[in-house]
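Quick one: the structure is below, questions incoming.
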Amino acid sequence: MTRISPIRLDDFRGTNPMNKTLLLGAATALTFLAMPASAQDSGGGVPADSVFVFNTLLFLIGGFLVMWMAAGFAMLEAGLVRSKNVSMQCTKNIALFSLAGIMFTLVGYNVLYPGDGNWLYEGWVGNPSVKDIKLLDEAGNPTVAAGDGYSSGSDFFFQLMFCAATASIVSGTLAERIKLWPFLIFTAILTGLIYPIVASWQWGGGVLSAAGFSDFAGSTLVHSTGGWAALAGAILLGARRGKFRDGQVHPMPGSSMPLATLGTFILWLGWFGFNGGSQLALGSIADADAVSQIFANTNIAASGGALAAMVLTQLLYGKVDLTMVLNGALAGLVSITAEPLAPTMIEAMLIGAIGGVIVVFAVPLLDKMRIDDVVGAIPVHLLAGIWGTIAVAFNTQTEISEGVARTMSEQVMVQLYGIGLVGLFTFAVSFMLFLILKLFVGIRVSEEDEYIGLDAAEIGIEAYPEFGKGSQSL
Amino acid sequence: MKLIIAIIKPFKLEEVREALTKIGVQGLVVTEGKGFGRQSGHTEIYRGAEYAVTFVPKLKLELVVQDTLVGPATEAIATAAKTGRIGDGKIFVLPVDSAMRIRTAESGEDAL
Amino acid sequence: MTRISPIRLDDFRGTNPMNKTLLLGAATALTFLAMPASAQDSGGGVPADSVFVFNTLLFLIGGFLVMWMAAGFAMLEAGLVRSKNVSMQCTKNIALFSLAGIMFTLVGYNVLYPGDGNWLYEGWVGNPSVKDIKLLDEAGNPTVAAGDGYSSGSDFFFQLMFCAATASIVSGTLAERIKLWPFLIFTAILTGLIYPIVASWQWGGGVLSAAGFSDFAGSTLVHSTGGWAALAGAILLGARRGKFRDGQVHPMPGSSMPLATLGTFILWLGWFGFNGGSQLALGSIADADAVSQIFANTNIAASGGALAAMVLTQLLYGKVDLTMVLNGALAGLVSITAEPLAPTMIEAMLIGAIGGVIVVFAVPLLDKMRIDDVVGAIPVHLLAGIWGTIAVAFNTQTEISEGVARTMSEQVMVQLYGIGLVGLFTFAVSFMLFLILKLFVGIRVSEEDEYIGLDAAEIGIEAYPEFGKGSQSL
Amino acid sequence: MTRISPIRLDDFRGTNPMNKTLLLGAATALTFLAMPASAQDSGGGVPADSVFVFNTLLFLIGGFLVMWMAAGFAMLEAGLVRSKNVSMQCTKNIALFSLAGIMFTLVGYNVLYPGDGNWLYEGWVGNPSVKDIKLLDEAGNPTVAAGDGYSSGSDFFFQLMFCAATASIVSGTLAERIKLWPFLIFTAILTGLIYPIVASWQWGGGVLSAAGFSDFAGSTLVHSTGGWAALAGAILLGARRGKFRDGQVHPMPGSSMPLATLGTFILWLGWFGFNGGSQLALGSIADADAVSQIFANTNIAASGGALAAMVLTQLLYGKVDLTMVLNGALAGLVSITAEPLAPTMIEAMLIGAIGGVIVVFAVPLLDKMRIDDVVGAIPVHLLAGIWGTIAVAFNTQTEISEGVARTMSEQVMVQLYGIGLVGLFTFAVSFMLFLILKLFVGIRVSEEDEYIGLDAAEIGIEAYPEFGKGSQSL
Amino acid sequence: MKLIIAIIKPFKLEEVREALTKIGVQGLVVTEGKGFGRQSGHTEIYRGAEYAVTFVPKLKLELVVQDTLVGPATEAIATAAKTGRIGDGKIFVLPVDSAMRIRTAESGEDAL
Amino acid sequence: MKLIIAIIKPFKLEEVREALTKIGVQGLVVTEGKGFGRQSGHTEIYRGAEYAVTFVPKLKLELVVQDTLVGPATEAIATAAKTGRIGDGKIFVLPVDSAMRIRTAESGEDAL
């Protein structure tokens, strides 16, 4: 396993130091790369304008698929919380998605893609500014040239959805006890600054990109980032009352398994956009092949994760645990996200399966540590995200942008460096932020409110007024 | 008049109702309940942690019958509801002072 | 704000008087326009056949996304009615979508696109006839030339979904009390005639198009049309029994907030097809940029609407109202639908936010007027639709097809003319139709049927037989 | 009706005997066909590389839409079983989809597409081997040439989803009584061998293809295959306890009509991918027209099926039966699947409507035969599949790959031959397999387990713990 | 003290509660139940097969009142719950030995 | 033998059950109910309009005990269910004529 894959596509999601002047957004450099293989040679190749349309279309399709993941998170979480907190969980999910859309526009996008010379601290923090897109001038002509290889609005749309996904991860872990507005304040900062800063280190051409870190679609940058923030919040919030009583774990079964299953299927579907779209280009045979490979790998990684969790829970507990199977599928997806292109399908299946195994062991482990993660987001997004990021190294020996070839163990170190940097920063900042919120606003609902449920306490809308203890049930 | 309260296993409802109809009982009301008794619940595993389900689903039948029907009704219920396995349930008989049919304002045994 | 945008794309959704011979469907003229920018120039441009495929693909993707909105309406409505009417609401939604598919084929499409010389009354009513598509001849060759710029079947598919959406709007308002079959009779006429006639005025090159009216994807033509029909029905049907008792409003909480949330997310996703597909072309850099801008604007308008409703209900009632947030997101989407291309993202956000504000004030206002709109379709689709249509004028000073430039206030007048014309016609015809149905068939279920619920009364299928008062709950 | 359509596209989904050397996957030969019409001629046509990208994109979009059908089956079945079996039904659906993904990779794909010389028994059984995709070499170059016309990974992805759909069909019929693991063992063999063998007869260039059988997207190869397997299982399993008591049918109403409706809408959406993607090419005007026609026809066939079932249940029972309307829509879709391209829209509507009629009569008929099909999969997929396959002959008189023209009645015979062959093989093998499982492992849960529900008995996860009899309902 | 058990049609709850409040009843508890009686259920058709719904949704009210209130309470319920159509329900009165308010440990009529 | 009916706050169920088990009560049945009493409900706002939620979720426990256990059981319930805040609930004791275990046909106190 010491193959050399010369130029990794994801390295070009962000800045390519040699071509800074070209950098206008996430995918610019990539297109630059893709072109020689396709558009520029017209002997049967794809003409430049067609490449532009294909790439844009990939962003748009990928973008709407990832947008759909917002519904997936909402349904998964609505299914895994108790019915007295379901309306609140729906409220948080639609609110965070809306907020992410606005914060990323107002601040985040330009922080993520500082481009050439728009860094506040070179390689570390981009300059916050509004991204107020207007692609066609008054005469209906594009404001940006075809040479960019894709419409920057489509890229924006696509990248926004990643930012929103990061926030969705947090809401699940902290469910059933965090107050609505403090949660939204945190979300605003997460989507406006924390995630964009982290992602800029790699995709914006910052320090991680320079260090040779590799994370194709964001196992670390998106999923672990969400997971670290969730972990910080979970520690500061504390567990739901009654979860850890008398030295024992007291499960609080989710209110609707079909909704949780639906949410998982939605996420699975959306992930084709998440990983496939991260190829950032579709306008050549090589790119079409790459996206196809990614689709196939993404699917089998999820399959591997789900089946691994299924077999393992059967062996461990004598019964299959559906919620673990759902988590396992998602862990498989997170695991393959750092590198969905390079592995063969069998390798992808194994990478995903290990993700599934991680979940089955990590869920009770977190319980033992008295960390209450309502939907399993920490095992799925943080831990499987770390695993997937490390696994990149096993699979490839990358010659990165600086033109340096690495051995597998060298690359493992780089990957660990990236994981550590992202973890440290995200965890520390999130912890401080939650702490400030805790001290000055309060982040946790009162004991009584938690007992009657956040739906009754904070928003006054029952999820199922006619069932169970619902007020309209007589 | 007596009030018969019967706690039975849910899947026996139809048989019990038929048995009661046969002996001339004309009305009853059923509520869902959870029972606690010798028939213990069970434990489940959810996401790797065990929890006890202490209560067992039961149905509670209530019917007011004239005194002469108490014996037959009790017997009908007991026979129809019996599986012979733990948790079959109980029959309690309570005194009733008066009864009234809302529709007609009939009272006493006519109300049943 | 007195910019001149020379040629607005949506003006070409319908007839271009100068190119009548080319008119074969919705997008013909547009493609004609698009071509100079792309296909016809082959110096790096997109070849004509590729343009054809791209445009067709946009229609197909846009079409399946809008089709998906049918599921969104179904889930939103199933979540917002009480459980005793949920099966009926599902039945109505799948039935109306099926019926729309057939009526639009049998009558509607050709009424909407009378093309050159196929008007019954020039500019007002197209000639009804069957659109029995057969695109390939016996030899497998296309029956229509590449010069059309897109496959007419894909255009049909796309336009059909708009027609179905119009009908979906009505079903929500009239829920929980209208009889199934009279509702379906109304739906048949709405989808076969009313909507096609209204839409033909603009997109079929009729009177509104000639007047310079501008409605990119149908804030007025689709959403307000549905809203007006719903209003007429709501007035004639009367409120649900018990809703307005003793001079007070008695809310009847919806049965499932997660389903309502899911429905909203589905609609949000589908709207990318609704607005993005309405660009009608993807085969050039300008078109790809346009569709990208539309996606980005559509998303942030929804975000704005949702957050505005959230903040406002918090301020007004001290609690966030989830159902208002869901309505707010949809109102944001409706508001931006009349012009999703011209605004910058910040402008789009504001347009959407005002839509959200409208909803929060309009919902209790309708209650005060004793108009019972079960799901809030009138505020969302009619009122936000009017707002969005007017907002077009603020944003652009259009030089329309006749080559006339207008000031903003002139354009406001044209927009109001269009809003008024559509409103008058749709409301009057719908009112008459519902009146006839009321007199001859009866449109409202009996008091007892309403009490036991339409599921038990009319279709004998319980939505949740094992929960609440369900017959299988013992 | 004796038209000659010279070359049917679906004949090229599999082997073209004259071009064996080119055969590398499902769509190769098709692309070969498509090229003269588009890519090879560059006078305004689509360049070869663009064709490659278009075709690949069709597979990817089609593939993710069909993947989404897995969620549709899950929701439909979760809605139609009783609440005590809902978690199990969700478990089975996500497990079977995962398993199909792995078995098709490990064995199935290469069995389905033996290509040239990779048959175990020529024309009957392909050689099982792993399909471990790796599309780009170490240098990032495609491992397969552009001449193939599409990325083989995208084709794999697309075909996999068909395999998974076949397995989904079975799970619904056998719900509420089959044990989890035996069901999964069956699924593994169904997706690894049975379906691939059957499909290879036509799409792999085997005996049916040679015989001139015609089944565009798989009314017989996918839907009936699933249906036959379901029938075999239903017979061996027996009916749910209490379903047929005292010589009467005792309905067991499904637990959630909105979920069943959602599932149906999901399937309807996914079907555009199922049928549209089966055109296997998008890179020419003819192909774009074909896909458009297929979308339009697919939609109206579903509409026809739904409305036919609606009207018929109203006439027969005096009430519309929602579950029949849902089944009717699906039956319409299955019916048009064998030939969604050739019919005009009106013909497609009628073909679908007859599918809906079949369902309404077949559901009680199966009950009379004491065959317990929980969700109606046998009427929908098996019977409507047979009808759709026969209907191919009415519509076209095909000149098949051997260059032979047939009369309608000749083609009916060929269609019946295919239906019979697939039925015999699938039913016999499935029956034997279920029998072996029954004898050696047991396939049915105990009476008590069936009574308490599979959720409590086999997986210990309640679907709705707080509603109805749920353990958390106090 | 007496326990009054009233079985009523669900949509009459609000009226009955108001009627009881007016005569000074201070508390009661309601449970959902299914009734079987002269008011028969109905049959439904599901996927072409008929099935009987034998039980009818009812509400069961229970209230303990001092002896002097038994008459007025019975009457209040009967009046408010009456529609005159079959299935209006029943009122039963049972003797009560003792009552206690958990919060204050008051007993007897003070506990009501 | 007496029937003890206890109306308690739902979250007190587990504590009450344990308290009863300790003093030797072997069985009981629980039903969900809605209470109306001094503890008033609350109002909600839905889509801009207020509505009152009059009833409060309560659990109703029923257990038949031999006469000697009436005192201890009442006390056990009262102690375990008490929060001291309004709405804690009530305990009623009613006379029982007879009891029977369905499984064994035992009767009287043996049936409990």
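Chains here go by letter, A, B, C, D, E and F, matching the order in which they are written, and residues are numbered from 1 within each.
Basically, contacts are C-beta pairs under 8 Å (C-beta built on N, C-alpha and C of every residue); 3 or more make two chains touch, one makes a residue touch a chain.
Model, not experiment: these values are computed from the prediction.
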item	value
Fewest hops from subunit C to subunit D - one hop per pair of touching chains	1
Any chain in contact with subunit B as well as subunit E	A, C, D, F
Self-contact between copies subunit A and subunit D, residue sets same or different by half	different
Selected interface, A-F versus A-E, where C-beta contact pairs are more numerous	A-F
Centre distance in Å when subunit C and subunit F are each reduced to the mean of their C-alpha atoms	54
Whole-Å gap separating subunit C and subunit E, where each centre is the average of the chain's CA atoms	49
Residues within subunit C bordering two or more other chains	47, 50, 57, 61, 253, 256, 262, 319, 321, 323, 460-461, 464, 467-469, 471, 473-474
Residue numbers of subunit E (touch at least two other chains)	10, 30-32, 34, 44-46, 55, 94-95
Topology of the chain contact graph, where touching chains are joined (line, ring, star, complete, other)	complete
Subunit A - residues contacting subunit B, complex	249-251, 253, 316-317, 319, 321, 323-324, 360, 363-364, 367, 376
Parts of subunit B lying in touch with subunit D, wherever the complex brings them together	10-11, 32, 34, 44-46, 53, 55, 57
Touch list for subunit A against partner subunit C, complex	47-50, 52-53, 56-57, 59-61, 63-64, 67-68, 70-71, 74-75, 78-79, 86-87, 90-91, 93-95, 97-99, 101-102, 105, 130-136, 138-144, 146, 150-154, 156-157, 160, 180, 256, 259, 262, 458-468, 470-473
Footprint of subunit B on subunit F - complex, ascending	3, 14, 17, 26-32, 62, 64, 94-103, 105, 111-112
Interface residues, subunit D side, partner subunit B - complex	451, 460-461, 469, 471, 473-474
